[in-house]
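Below is the structure I would like to discuss, written out as structure tokens.
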């Protein structure tokens, strides 16, 4: 077989198994998903970076077992998530950051978090950010997605006392250098509590956020 | 005054105020610390990157109110932390990473976490890592500090189901490029649940970890 | 002579002549300053990056003709500036950005602008920025100085309708890469009206701001 | 809705609202433009990076309300600009820089400036630059657009006493590194009064130039 | 002729001649292969980066003389390799690294090594790596292929006492920067005995590994 | 204790234990060396990057057990190496590369190889390289050390059929960028059989070379 | 007109006018070429980076006045060059460097040099380089074109006493980073007399070489 | 001996032998110089990057045989140069570029060229450049030295028809990145006939210029 699937990770960590579909054929994705689903039917299997062809192939193969999220290019195969109670807010700076933000939101949901998604909250119109205060105050973790200058997490950072997961995106041109600019901005954020994931890595941010809001007990039940 | 101290952040976020001493004179550090301490005597004030001169000046100024951590180059002024219950483990790969790891551990403690610190757990002797399994299994968050190849968080990432905060260090030479190498390694980690802070930013990692282990309720009580 | 001094630039452009003292001996700086001052006694001569030795040598040579600004490491030799009426506000994010901000403020003043300087207005405590609104509303140009994440210009950018000159500083460590991080942040700013100068180039920002606030008529009188 | 449009920015800053069309569908662009136009029919709405499809969709939707600029890939929807009096000259070094230069010129016009555009004034034929002296002498702000070596702003910088906004372009190959070379050249310009915007950001340069030539009074009327 | 083929290298070094087919037409590849094959019919000629068209043209030209490896995009023309006895293990971290790993494995085989290939052994599931211990213990050289964080060679490095050739791949996105991240990781590996080849250079790794396992005597017979 | 010494690595891998002395106090180095030496008195302990103070402290502590190599800044503590028979040649391009080349040569010797060192064989005087042919022809592995353009391994690569380990050095200035230039040159070497280690990493190259020349049997006896 | 053609440069510098066709339509190229040709019918007009469409359009427009060089993607329009006597040798390392080498050779010829072109002279087969000694000894200037490791100019540099113009190419992959690797190699060449042009800039190298071999008198007649 | 001195290069290439003194002890420099001088007493030996100690040691060792150039940090030992007739002009942009420019001028002189040096000719005061026209018109080669924006060679490039050797310097700060900015500017110069050497490499530029002005005949006599 072309893949040595790690069918025990879900048990070890409490997270769903994930297939990164970029660079794989629809057939390969379906085959891996089937193996993972059969090993642990009670755990959802996530597929990220799933284009139309991959989503179609999964639908053909698993039918009603699939939950699709076309904006975030994701599919979940299998058991629907049980919400565990922690609240994640996913903010994004611009309309073009939506695919990455939605990938984060969908991932966090499939990992058991309750998720609110708020879009187009750029720093250059600070009143829009201030208007999200009530939502932020009710969050246990905030995922902040931004490209170009990546300044949003710094502004959010001063407004909350919960962990902030920052996601730089490749949105922008010129000296954005494919997401390098917001990545550096976020790593250098003056605001406390900000940690960072890879450029465009909505999946990683969503999963980390879901782990965070499970809280200490959540971890006891799951991954130990 | 040379500094417009933000004396309300502690109330807003539940974290101690922090003074980054690098590039400040001992007198400036003492003055800012005094202002912050007087504004909220019940909250500790943290000083990071405190060299011998700064630590001496703080000792002279605040006496028994100071808790010092010379390896991590930190001082806390004021009320001792109340442990909130969440457990943070701080791992580091090599002896040379100790100052950054200790900065993280001390920060997390001052922010209320219960902290265990384990050193010299390089990936190149994987049995040393495997031997830490019991400690990892009892953690609510793991901070992983490494320079050079920065490979440790990826290995840890497959062993736990709790959030991992990775800290690249500037330890190394040549193609380590001042910490760029481990920074990129960690951002590209294949292991789920890993988020990253700036090179040598033990303070940021410790504070994020403390926020994470406060858990949802902790946040409710503190920062909202 | 070691320098082919351009004694006509002041006439062509309306700006003072400037000597960049870094890498020059105090004697060289005094000699160049003397030549420029004698050519146009009615125009001030600016010296930037002037350390203690250079400032001492200028004081010895020109006595009461010198105006010194030690924080900004600058000296003006000669005729005091005539304020032309335009207003420049110089904001900076942190205490450590003060030398660069002060270089900008002093330069703008010597170039004829009316200058207000406000410090320690980080994005991570957004209320401090909001509190500067009345000052910003009275400005004809805003210079914004910030290191680390360089997020401040983006936040200011949404609050004013006048030109903003952003100055990244080398304040920070690790992935700040000597000012590269805030430089990229500022170049990618989502806020309109932001232009950028070199890292730590307070002089360039101050001069550009002074040219801006002279306004169309100012230009007519001066540089044509 | 996919976009949280900031319909008040025009009032706050005195600039037109702008839609960056790259990465948006024609339908999305039309919908956002409609919302902005309806909110403030007296202010023009700018669309940048508008390809044939987007320009067609805007023409279909708004008809005679549209002003098109195909070279600069821009469209203005709504009220024609009232010229305020300040003069902007837009210079470019080579024929290939024309799209960016035209984006700057059109933006400055829509923002109320009087604009002159001069093309193909490379530094390698310095007499062509010297021939533009009369035009430069009548300008209140000069926008200089150049790719490859980006040397033009330095040469222009010594010829005028007004603010210069430099725009690096991605024109070139090899060690031009997508515009990095002219960006660094411009940031390091030895000429006073030069500020810089992002690679290919004609829009940003045009808007900043228009703000500059409004002059102090212009600002009083508009953005305060 | 367009190529000055070095028909004596095989004699000097004991390795097969290799044609890098990327950027060459199928006709050019066939012509060079023919010249090399005719010069030394007893030595195999390797073709790397051979797409479908090149493989087809070689098949048409050389028929049964060809051995094809489509996953590794390679073809060997001529005499089958004689296994010399040394053992190379080729490990790879993920399914997407397979083309590069297979290029390495096929090259090593054509150069006379006995090769075992093991795939999908990521560091994030360390038990999968530990399970390969028996295979590693029987190896004279280990080639380790990994993209993204490139952490696998460091973990393998602590488990064996034989040379390790690490191959970074361009698999990944964002801050993987086309393979730069795993390249730096591998160059900074804390494990002894690790040397590194260019990103995606499976061929170079396979050839170096084959030279290594020939051992001292092998070298005596071949390249001297 | 500050260090969790891996006292079993020598048994696992057949290599001496190594202490990287940079950034450690002489006392720390002596303490670690003592622990390692006592655990396996029959294996030498290597200390790299040992400055005068560290070398003095080791001499004081271990007396005649020490073998010193001041040019390569190394010390071996304990049992003298048994030469295993394989031959390593260490070439370097310029006089300034000698410390790194000597670090490699000494390491390889302590690891049991027979070593010949040849210096000042730059590519710009190709006859000097051609004159080394007899030495190269008698080698089982060649370590090539070069800074600046790093071209030497490519030239050597066409002359031998044994593995080549290339070591870039930080010798040079300007666009050498601290060793980046020769590192890239070596990674892109057109010559087969070249693998690369970190900038200035003579230790890593020497150890890898010693593993290579042990040959298959050597490995069997040692590290399995 | 879209282009402000510098029709006097040929007179000032003695070189043909050149049109860089990349990013221009065939119609634009023909129009500029016509203007330049009509201004100075006695000087050839060069067109670089001319693809099939551009070459076709030039052929249609100028017929027999065109000299085409498809490998180098160049066309000369007008008066055939008069050979001035100086000799340029253009060497290239690999078959894939031919387009750039041919651009250099054709340019040098049109600028009046006598040109010999030798291909596929890689450093990894040093005897091929040594075989070119007689050609090199008869040269007044050597242009050396190489991608990947870019080591060839260093080797050539030790063999001749005439100026060497080195051209890095974008041939290669991975850590070649689009030609950055050979560019740095060449800039750091240890061989005296080597100067460097932009990546893939065969035109620039050919023109510089032609200027060099004109010799002092040539310059007197032409460009002064 | 620590150095394998290439005592025949002078015969092969016609240039003096050169010793790069940086990183060598005064004793090493004297020893190498003695060996080279004794081998070919009729050829001068050049020493570059010679600080006070090295210059003193050479004076002590060779007395009147030394010619010193302290600004350029150079010494020539032995036979004074015979001027061959070709003319090199060395221009530099600022006072701080003088050490590099003087290294170039002195080297060219020792290699037999007639040299004129003109300083402080920045692009930002274009009239100073235009004033050098007569000097430029009498040159057979122009060396142009500049830091910061590195724009000077582009401006000079349009004024002459002879080869231009551009030298970027490390003068500047911030986004000059140690000379990277002017290096890229010069490599991307739009002016024909410009070739580039390493950052701060005055020696390399001077030697290349001297080779260029020897002209074809000069080469015949010397290096063939």
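Which chain is which? They are A, B, C, D, E, F, G and H, in the order written, and residues in each are numbered from 1.
We adopt the following convention: contacts are C-beta pairs under 8 Å (C-beta built on N, C-alpha and C of every residue); 3 or more make two chains touch, one makes a residue touch a chain.
Values in this document were obtained by computation on a predicted structure and should not be read as measured data.
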Chains touching both chain D and chain F, listed by label: G, H
Required steps from chain B to chain H (each step between touching chains, minimum): 2
Reference chain F; chain at largest CA-centroid distance: D
Longest centre-to-centre distance from chain G, chain (CA-based): B
Distance between chain centroids, defined by C-alpha means - chain B, chain D (Å): 45
Rounded Å distance between chain B and chain G, as computed from the means of their C-alpha atoms: 57
Inter-centroid spacing, chain H versus chain G (mean Cα positions, whole Å): 25
Sequence positions of chain D contacting 2 or more other chains: 9, 122, 124-125, 158-159, 174-176, 180, 183, 187-188, 192, 198-199
Pairs of chains found to touch, sorted by chain label: A-B, A-C, A-D, A-E, B-C, B-E, B-F, C-D, C-H, D-G, D-H, E-F, E-G, F-G, F-H, G-H
Residues of chain G touching chain F in the complex: 93-94, 122-126, 130, 148-151, 154-155, 157-159, 172, 174-177, 180-182, 184-192
Complex contact set, residues of chain C against chain B: 95-96, 98, 119-122, 124-125, 127-128, 171, 173-176
Touch list for chain F against partner chain B, complex: 2-6, 8-9, 22-24, 28, 168, 170, 178-180, 183, 198-201
Residues on chain G engaged by chain H in the complex (per definition of touch): 9, 12-15, 18, 85-87, 137-138, 140, 158-163, 165, 183, 187-188, 192-199, 204-205, 207-208, 211-213, 215-217, 219, 222-224
